[in-house]
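Below are two complexes that have chain A in common, paired first with chain B and then with chain C.
The block that comes next holds the complex of A and B.
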């Protein structure tokens, strides 16, 4: 199963909404994924397969070997998220 | 959720705000009125946005002002609604960061907050609801939108 983190500044707003949108997108794509939301500070100790966050935070997080980094400005657009996932995961 | 905003008087309809800082202060007013948050909460949010940038804009025209979980001036868990007639800018160089709808989050109970956010997210995923909220001008509109789009079919 894919391990996915949605990341925002303090873990109670955007990342939570993003988690729900991402879960729906994965479900519709028929992919099993475990999605958890987390704040940027805690994320440093996490090693997910996929990290989804804002363009601004992605700059701080940076590319990591073996991790797919996806950015979005819209946290509720499930269809756009599906497209991003498809592209990133080569579906 | 919209009915809850009306019942708890967690809403504000206003013409405009002179800047985003004032918009955030206004968006906290209805939560301050019933003691959900203290008067310091608005400043906590403003400090966070100044430090981290406008992370509270979650989609075009929509902001969710909040600081951290268990902020020092949060006493209850709730979401408050505000609509401005004229959008306010969070970043003069990025019109995508203009906001007109505000859903101010207060959380001191993670489970209740999660439940609120699930209902909030279900609501915001519906484009026609967001569109209708952008055109709302009073509490009666919130109730009408709730009945039209969100209440289960009778």
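The block that comes next holds the complex of A and C.
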């Protein structure tokens, strides 16, 4: 199962909304994933397979070996998220 | 009769504990979503623990700033007030501990009223920012109780209506300004809706926005490069723990210093006064982090339930979400907005000092930082870079100068902490003055209905176009 983190500044509002969008996208793609949301500060201690966040926060997080970093500007668009996931996971 | 009385007693005890009430609300939400039994158990326990953590956070949060406020009070006779939502919420929780137990129910019924209004009324928005709902529901309990002295079921009904109307009208109002550049995917659902509205108006003014030929600004490559130059600043702004700690250390230390060394030493007891003073900001941040951890745990169970209910009952509604979703739409302008808001907030602070206000609003940073970002984005979209900064500045000033009127009218100044977002310096400030003027809870109910009807007339247009 894929471990996925959605990240925002406080880890409360936006990342939770994003989490729900991402969960739906994974479900429709038929991929099993456990998605959890977290704030940028605590994310340093997390080691997910996929990290989804905004372009600005992605710069803070940076690329990590073995982790797929996906950026998005729209937190509620499930179909766009599906496309992004397909591309990033080479489906 | 005896059994009935004891059942009533048990219910009274359960509904006297906020964590139990919330656990029941979450249980209902999870049952409605037809979750598996194990998920229901996990969700309910997490929500329950979340509220207990939140309570601890409230206590931790108040410990560092209360002595500073007392020092200022003894030295100058001025009431210092921390302008930050969670501090305000924590203070209310302590002040009227027996009344705030209804807050989870206010959230639930407020949300259901929001859903009903969206289902059957013209304003199709649902409010999904649950941490804000928690803070706002707590505030309505304080305000309605403060102005009208109501308790019990009446308090619950009026507060729920208050929340339901506010959570429908404010996002609908921001939707008017977010729709041109976001579409119907989402809008702003927060107690900073006025930041978006005011900034858009300022943008339109400065950018000479033409309604017949609307032009919206977009950030170019150039802006991205500039944002790159500011990347260390962005990095700092994107970590709320660090920025809260740094700025609150300064704010609280300055607060101590104006009261003088002797006062600090007295409050510090046997500890070294300098170290004690410099650690206050850190302690405050610990309180915020703990409190937010609790809030996060508790709303992680609530939001999906709310979303599930709204998807089922109001399929086409626009979800109203938290502020940072707007930042990626114009990241550089968001930073300009932050900077403007900081400047505005400190300017406002010095204005209060200069005019000798009996209540001094101490900038609480968190609201400044998020509302400034929203102001930057909306200001920029309608009027370009200059208005991003000026909108931020305006929002900062409103938070302090409008906020002080709100704080004094609602009696929050007696608590040592108040709410910080832009709405409290603008729309809520006017509302609180009206509440004081009305002085009767029934008139207030009529006022709420009137506000909703007026909002329907003024704002239904942009929802009608979609069909």
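Following the convention adopted for this analysis, the second predicted complex is superposed on the first by the 91 of 91 C-alpha atoms of A that agree within 3 Å, B and C clash if a C-alpha of one lies under 4 Å from a C-alpha of the other, contacts with A are read in each partner's own complex, and residues count from 1 in each chain.
Here, contacts are C-beta pairs under 8 Å (C-beta built on N, C-alpha and C of every residue); 3 or more make two chains touch, one makes a residue touch a chain.
Everything numeric here is computed off the predicted structure, so don't read it as measured data.
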Partner chain(s) touched by A:59 [first = chain B, second = chain C, both, neither]: second
Chain B versus chain C as contact partner of A:75, first or second or both or neither: both
Contacts of A:14 with chain B and chain C, given as first, second, both or neither: both
Touching partner for A:49 - first (chain B), second (chain C), both, neither: neither
Footprint overlap on chain A, comparing chain B with chain C: 8-14, 16-17, 20, 54, 56-57, 73-77
In the complex with chain A, residue positions of chain C that touch it: 128-132, 185-186, 227, 231, 234-235, 238-242, 292, 295-296, 299-300, 303-304, 307, 319, 321-325, 327-329, 331
Contact footprint of chain A on chain B as seen in their complex: 48, 52-53, 55-60, 64, 66-69, 96, 105, 107, 113-114, 117-118, 120-122, 124-125
Contacting residues of chain A [partner chain B, same complex]: 8-14, 16-17, 20-21, 24, 54, 56-57, 73-78
Parts of chain A lying in touch with chain C, wherever the complex brings them together: 8-14, 16-17, 20, 37, 39-41, 54-57, 59-60, 72-77
